[in-house]
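Below is a structure I'd like to ask you about.
By written order: A, B and C. Residues from 1 in each chain.
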């Protein structure tokens, strides 16, 4: 174990990933403390989603290492399923299990992965659905829910595993504008409750108000990182400033 | 009319014909179960098996789809005795038609599995489910539902193919019909018409039943891409 | 347990049987094609008076075993004073059967041709029949090729059924050779290989044909 890693919940070190000729990640490193919310921003196609997937190895990194509480995630010997059970993942397009009602979507993980008893898992699933404001929607199938509701179910599904951290991959990008707010609200509440999170997003308002630190990525590398106040008001790198002015033009500043 | 008199005469044989048709239904059940189990396995190997396994599964599928049912029946009926094993015609027919059906069913299941968006598997894996567990709890429950219409076609085709087991001396309905004809040749037309009617009932009642099953297990939002039908 | 013993002098006989298999398949497919197109047109464009009988025909032949249909033609028709040769019986039964299946494929293909095509043809002053012949069918035939190819290969395999009315096709010839020397297993392994090669050759040529007649932008929506 190396210096400064003892207290980090997650340590990401020198991650590389290449798809054919294109190198999407060119050595990305950062660490995450318990209870911290880190927001990753940057232009599309700069490897932000790939980076998230490398953390729980939904995508296998070519090089580099990841530690979760001192356990090397990227080790060949580790049981990756046990690691993934501790890391929540929220997808851009929800990926709720189509054939399962909301309640079953949330309790599938606890029952099949954690081996929880059915009645216990049911109770837990109801609680988590209530936590994201969906009490009463237990029996609805994904196709019967709005996009915002589906994304909240998927957050509940992640929460039910009692994860050490949750990775959010552009959780509001697939949503109609009027549905974005309800999902962000849930995420803001989670941050307040002390959940550890990494969020890839274009929602600058959310980033500014919730993030402990913002990472600006471009072309597979971290260009700049720092607390939101500093990054937004006095970016050190010209590319950061350029990106921020463009993105505010495009998206405005919701949740300012 | 004379033909109706003949039909009446065949009517006397109806109980025996129906009893013989039970053999067809038993064979149907056996071959569908064999075809379902092996077909599922072959489809899974084709989709999730590495290169070697998926190629092997595809060759299996191709061979059993390309050899006529009658040739398979003969191979399974006479093959074992060639190696000194005794095989009964019912078992031989079940295996021959079951393996053949597994090749067709694997194609149906493979299509259904491949129609499931890749995000489903990814979400299951992200929860920490193993690949096998994800297949069992997420992929297959969806794939089987999507496969019902295709499976219904397969049912229609194999229910009729059970008559081919006549060739390996199984005492099913066609063989019994033929003995009626051999005894009284002027009943041939009426007898085979009755057999045809029996199969019309089997085919269409089976399809209706599978239609009910499909509606019973239908889930909003779960359908083959390109299929029509309301989402809600 | 014995080794694999096949008298290779039987090969010419099997080749002869293969020829009959090809003949019967070709004849029944051609017959089924013509009847199938008519049935499909009857289903789509015929009024109720034509459409319903066509539908009954299709349901009957799709809902009953081919073997039963063959026996109705070969053993049944003589009851009504119609005596056909085994060859003709085989071709007729297989043809009547495949016509019902082909009709359904053609119907699907005709209905897959966009509505605007008929309207555009009529707006040029074409009669309905002209429009069907020179606008709808040429497109429908191209759309139908994949399922029609499947049907052709299916009939090639099902044609083996004619052995049961004593025709010496590939299957029948195999049965006869085997009955004479009791090497059922060996003979039918060779027969199976014959069919494998036949199916492979046919499916490859059909794939080639499909590429030959492809028209850009014309595919079957929602069909594989």
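Convention: a contact is a pair of C-beta atoms (placed from the backbone, for glycine too) under 8 Å apart; a residue touches a chain by one contact, two chains touch by 3 or more.
Just so you know, these numbers come straight off a predicted model, no measurement behind them.
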Report task. Examine which chains touch each other and state the graph shape they make (line, ring, star, complete, other). Result -> line
Report task. Tell me, please, which chain's centre (mean of its C-alpha atoms) is farthest from the centre of chain A? Result -> C
**Report entry** Chain pair with the greatest number of C-beta contact pairs
**Finding:** B-C
Report summary line: Using C-alpha atoms only, the most centrally placed chain is B
Query - Chain centre separation in whole Å, for chain C relative to chain B (CA means) - result: 21
Query raised in the report: What is the distance in Å between the mean C-alpha positions of chain A and chain C?
Result: 56
Report summary line: Taking each chain's mean CA coordinate, chain A and chain B are separated, in whole Å, by 46
Report task. Two or more other chains in contact with one residue: find those residues in chain C. Result -> none
Requested in this report: Under the touch definition given earlier, write down the residues of chain A that touch chain B in their complex.
Outcome: 56, 58, 81-87, 89, 91, 93, 95-99, 108-109, 112-113, 141-144, 154, 157, 161
Report task. Would you pull the chain B residues touching chain A in the complex into a rising list? Result -> 116-117, 119-120, 122-130, 133, 137-138, 141-142, 145, 219-222, 231-232
**Report entry** Interface residues, chain C side, partner chain B - complex
**Finding:** 1-2, 59-60, 62-69, 71-72, 75-80, 157-158, 160-161, 163-164, 171, 174-175, 178, 184-186, 188-189, 191-192, 195-196, 199-200, 221-222, 224
Query raised in the report: Where on chain B does chain C make contact in their complex?
Result: 6, 63, 66-72, 74-75, 77-79, 81-84, 111, 156, 160-164, 166-167, 174, 177-178, 181, 185-190, 192-193, 195-196, 199-200, 203-204, 226-227
